[in-house]
Structures are given as C-alpha cells and as structure tokens.
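What follows is a structure written as structure tokens; I'll ask about it next.
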Amino acid sequence: MVAVEVPPIEVRGVELPRGETAIIVVDMQNDFVRREGKLYVPSAESTVKPIIELLDRARSLGVRVIYTQDWHMRNDPEFRIWGEHALAGTWGAEIIEELRPLPDDFIVRKLRYDAFFGTSLDYFLRVNGLRNLVIVGTVANICVLHTAGSAALNWYNVVLPMDGVSALTDFDLYSTLRQVSFLYKGTITRTTDIKFT
Amino acid sequence: MVAVEVPPIEVRGVELPRGETAIIVVDMQNDFVRREGKLYVPSAESTVKPIIELLDRARSLGVRVIYTQDWHMRNDPEFRIWGEHALAGTWGAEIIEELRPLPDDFIVRKLRYDAFFGTSLDYFLRVNGLRNLVIVGTVANICVLHTAGSAALNWYNVVLPMDGVSALTDFDLYSTLRQVSFLYKGTITRTTDIKFT
Amino acid sequence: MVAVEVPPIEVRGVELPRGETAIIVVDMQNDFVRREGKLYVPSAESTVKPIIELLDRARSLGVRVIYTQDWHMRNDPEFRIWGEHALAGTWGAEIIEELRPLPDDFIVRKLRYDAFFGTSLDYFLRVNGLRNLVIVGTVANICVLHTAGSAALNWYNVVLPMDGVSALTDFDLYSTLRQVSFLYKGTITRTTDIKFT
Amino acid sequence: MVAVEVPPIEVRGVELPRGETAIIVVDMQNDFVRREGKLYVPSAESTVKPIIELLDRARSLGVRVIYTQDWHMRNDPEFRIWGEHALAGTWGAEIIEELRPLPDDFIVRKLRYDAFFGTSLDYFLRVNGLRNLVIVGTVANICVLHTAGSAALNWYNVVLPMDGVSALTDFDLYSTLRQVSFLYKGTITRTTDIKFT
C-alpha cells in the first residue's frame, strides 16, 4: 500500500459578482446520493445541507442555478464501466428531493462525466454572461473535476467549496482540489466563505 | 503536511493491433524537458529513452506516431498561470532533438492542456481508424491527463506506460494513474509491456 | 428582380442498410407547421404525409428515428432575428400531433439551426453505429441544411428526399438541394425511392 | 433547365470598431486562384485587388487579419469528392503571393470547409475580443459560407463584401448572399463600403 504527500492547497474566501456567477450542482441524483442508489457515494449525504444553504443564499441574490443530470440511454456504453445507472426516466436519475430544481434553473442532461461534453452548457453560460462557476456535487474526481476542467480550458473562473463536493476516497478528493487549484488556478473554499457581491 | 493512501492501481501488459493504434507523444519540448527550459520538469529526462525505444519499435511495425506541441501566441492568457512558455517559433517550443518527428508523423499544435481542444486530433484519429492511444510525455497530470480524458470520453482506448510519463510530484503522477485506470478503464503499463499485434 | 439558373441536380433512388441508418425529422413543431404557429412555413404541411409514410416503413424495419426540436429559453438571443418561437414548454414547441415521437425515438433539443451544435447527436450516432442520415423536415435552407452540413463534415452519408423538406421560397429549396448534392455529395431523392436493405 | 427568382438582398455600408474586428481571408491559395491550380475558381482573380486594398486599409488601422488555408493530408477522405488539392506542403496549398500573410497575422489550417471545424479559430477570436468578422475569399458557397455559418451560430457579427468573394456559378454566389443576410442577419456590402471606426 502506497501513501503520498499531498502538495499544499490554499483554502480561502472569495467574492463573486452575482450577475456573472452561476452555481453548478453536479449529479446530485438518487443513484449517487441515496443508499439505495446504484452508485452510492456515502460522503455525498453530508454535502446536501451546505449545498441547500448555498443555493438559498444564491437564489435570494439572483445568482443563477444550473443542475447537471447524468442521463443514460439503455445500453449506454458507459454501463460497461459502471454498470447501469442514471437510466433516463428512472427514480435513480432524478435529482434528490431536497435539491429539486426550481422552474428558472437550467438543467443540463449529460451523457458523460463532463457537463460541457455534448451539451449546450457553454452556449448558455456565454449567452447569459456567466463567467464565474461555483461547482458543487458529486463525484469530486469524476463529473465535478471533468466539468471544472472544461470550464477552465474555456477560461471560466472555477470556485470549488470543499464542503459541497464528495468523493469515494480521500485521495480522490485531494486530487480534485490539487487539479483545480494548481492547473486551473481555481479557488478552493468553503460554501460559507463565498460572498456574492 | 497531509499524506494520503493511494487506491490500488493495476499494472499489466497489453496487446494492441498495430493498424488501429497510435502513440501520442505529449509536449516533449525544450521548455519542459531541458534544464534551460522555462517550465522544466526534472523527471522528464528519464522518460526520453523509454519513449525512443517505444517509438522505434512502433514505427518499425507501422504504428502511427502523433506529437502534441504546446504552441502559444504572444500574450496568451495561459501565461497568467504559468508565465511565458512554448512561445510559437522559439527554441523552447521545439520538440527535443532526440524525439524529432519524422515526415509521416502527425503534429498537433495545441493552445491548452488538452490535445483534443481546438485541434483536428479527433478528426485525424477517426479518419484513420485509430482506436487505441498509447500516451507518453509530460506533464502527467496536466497535458497527458487532459488528453487521456478527452480520448476516453470519446471512447478511445487509453494506454499509459508509467515509465513514459513524468510529473512534478509523486502525488500528481499517482493521481494521473488513478484517473486513467479508475475513470477511463485505461491500461496502466510499462513501455516494454506493450505488444503490437 | 433577379432570376438565376439553377445548376443541374441529380435525383435518384438509394438503398440504405437498415441497421446503420437513421431518419432525422427536423423541427416539425407547431410553430413551424401550423397556420397558427409563430413562424409558419406554408409548404411544410404537404410534407407531413410523405414523412409519416417514410417513418412507418422505417420503423417497421427497425430503422432508428431521431427528432430535432427547436427549444428556446426566454430572452433567447435568436429571438432578435426571428421573434419569439419554439419557447420551451409551449404548444408551439411541441412536435405536431401526427408525427408524435414514440418512446424509443431519440429527441434532440437544440438551441440553434444545427442539430449537432451543443447537443449529443454526434455522440448518439457514433455510439449506435449510424452512418446514413435521411433528413426530412423544415426549414430546408435553415435547420435542415445546417444539420446536413455538420453531418457531412463529420462524414455521415446524407440523404435528402425532396418531398420531405419544405422552404419559404423556391430559391431556398433549390439552394438546399444544390449544397447537399454538390458540396456534401449527398443523395437527392424522394421518400418513396429510399429502400432499406 | 430551371431558373428561379432570387429573394431581395439588401446591400449597405457598415461601420466596424477596429479593435473588435478581424478580416478572414478564406482559402486564397494557388490551387483555387491560379489557372494552374487543381480546383481553379475563375472569378477568384477579380477579388484579389479589392482584398489587397481592404487588407491594406485594415492593417493600417490595427484591424487583425486571419487567413484560412485548406491543408490536406495524403489520402484525405475529401479527395474522394474533389480530387487531390491543397496538399500539405505543396505549391497549390500556398497562399497566393499577392496576399502573403504578414508575421502578426493568424493562420488557420483547416481540414474541411468550415474554418471553425477542428481548429482554434473560435478560441483565438474569443481570447482577443474579436466580435465582427469580415469574410472574403473563395469559394463563396463552400468555405466562405460554412465559416460564416459557424461564426453566426456563435453570435459573431458577419460582414460579407460581395466584391471580395468568388463562386463557380451565379446561383452559388446568390445563395451565399441569401443565407448570410436572411439566416445570419449578416451584412452584405462592398469592400469600399466598410468603414473601421
């Protein structure tokens, strides 16, 4: 068994202009967040409360909210990797009750890890002048990191609150934080340390 | 200082059909591989010999070779993150002498970490029926991993020989191997354990 | 007023392998096909019957059916060009009753003319091995042609049955047929001259 | 032989802010512009002088100049449609002497009709804040129109000076003007009626 040292990661507060910022809630669906789900991420449950509080605060200030939703066809080739999950139209693919989207939220149904891949997310963000993306949800080093990566390549400003993302191992969580801070010069923070101006 | 346990990663031999396989040599340019380079990766030097031997063997069997080359304009916004590097037309942007491309190799000049981003790499691979990608070069968790990620999302089969990739820290190397094996179901191997059939 | 000569366009029958072919029904929505619609295309009505017959025949042979659906947000920038139309969730955005999709059909909601732009259409086609696209619907030189163009650039084989597409002027219809046959080497045909093998 | 009436097309002058505008010179390469070229467009020759004068004026005011260059590999699948042309590294692929790019111009090598397809053109334009694109060159309804179409879908403002584009038939030229003005709400103008402010 190997253990490695994690390079230092700065955690700090951040201020974001409300009209140019969106919260992206990644894959908080029954299959990932519920014990009965097909790809249960145990630590996802503890992120629900911080995400709810962040969304409440954001919405009250007019910050846009975007949800990603893994949404697979029958016989999706991704099932060869993960088994069947987030099958279109099933309970498992639904966003969890507590985080149910509101009518004005934008929902991105995606087929792969990256919420920019084969979707209109980039178009939506550009057209609406949204340049800062607070990304929360699960799984940290899978759909959260892939989405953060594409965002960064397109020069969106990425903000990742540690208490709003969940992973299957500590290693995976740290590698997500490392990539976002070191490669993308994104901000690692906590949900309560984000101020909308 | 934090240390974390690395999830187990399988290392194994692999056989690849020569006509459907390409080697992608990522960013083996003076600025990254030479001590005088602007973003020197010390461990890159030790990968040169394994890469040369892999390329010799691949070429003798008709396996296609592709190079990526970071290629930045003056005032490229990426310089805000890394400082000026791989400036178009400079010595630092040249591929190192020992790995100089041959006339039939395909060279992908790229502006960001991902060799699929804003390039014709996907088109070239599709048109030529290349489905298996052996990715070597530097930096493991930056351009190598981003290229591997886009390849995987498009269902290319990713093969990563550990002795052919280099990183700035052990953590970064392990997180690359973890992402490729766990998320992309790619193969982690050694250059000498790749057999072209 | 200017009149120009139309370059000759070949119209011919075609045979397509059923397992590798999809019919794409473009934007046959109330706003475009109904007199009460917001962007009524008078000639669209006459295409409904040929499309129904083509779909019946295709489905009975296991040919995949794909629908595109223009689907706009409030304040969509495209409304500056065309006025409000195909607003998400409204009657105008619904596919017309006679062509209502079946549960196994694939529906592509799109924000702009091209059904490949910001959608998972290319991914769906690749994953399902669909290489031949019979494109019908409206408007010929807008969403039909843009979709045919992106299909062709990605080397899909485009088949356009004249009796299944509609335009606002004869000029627009001819320019669509010209582009598809001359630039994309697609096949101009009639719905009844398509044979699925 | 069929003749059709061309819908009316408005031709008008336009003012463009110099710092947010680029001229895109499409495929003015020996194979297309020279009688000895492999895909000679006879009317291209008459566009050279207006393009030179436009570029001189633009450059003197600091307007960016971009060139596209068709650039094909051996055995490129496009040769099945057009025969071999614009082969990488040959005389035919060179931009014509009179329009030779200057060191600060941006050159986009492209594999297909659309200069946005598999290239970094969109990235370059975004990063440099260029929102208005004056498109000249050849062939009107092929590479010029495809490039204009992708530009428009991404909400660039397209300006097309009639005396700067060439086509193989009058019909093709008119269909280009129609698509740009009707679908993209671009401006049809003359090179001398473009004012940089």
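The letters A, B, C and D name the chains in turn, as written, and every chain counts its residues from 1.
Basically, contacts are C-beta pairs under 8 Å (C-beta built on N, C-alpha and C of every residue); 3 or more make two chains touch, one makes a residue touch a chain.
Predicted, not measured: the structure shown is a model, and the values here were computed from it.
Novice: So which has more C-beta pairs touching, A-C or A-B?
Specialist: A-B is joined by more C-beta pairs in contact.
Novice: Hey, which chain ends up farthest from chain B, C-alpha centres compared?
Specialist: C
Novice: Report the inter-centroid distance (CA atoms only) between chain B and chain C in whole Å.
Specialist: The answer is 40 Å.
Novice: Once you find the CA centre of chain A and the CA centre of chain C, what distance in Å lies between them?
Specialist: Each chain reduced to its C-alpha mean, chain A and chain C end up 35 Å apart.
Novice: Where the CA atoms of chain A average out and where those of chain B average out, how many Å apart are those spots?
Specialist: The separation of the two C-alpha centroids amounts to 27 Å.
Novice: Show the residues in chain B shared as contacts by 2 or more other chains, in ascending order.
Specialist: As it turns out, chain B has residues touching two or more other chains at 77, 112, 117, 127, 155.
Novice: Contact residues on chain D for chain C in the complex?
Specialist: Against chain C, chain D makes touches at 1-8, 77, 80-81, 112-114, 117, 141-142, 146, 149, 153, 155, 169-172, 174-175, 178-179, 183, 185.
Novice: Taking the touch rule as given, give the residues of chain D at its contact with chain B in the complex, in rising order.
Specialist: So the residues of chain D in touch with chain B come to 73, 76-77, 106, 111-112, 117-120, 122-124, 127.
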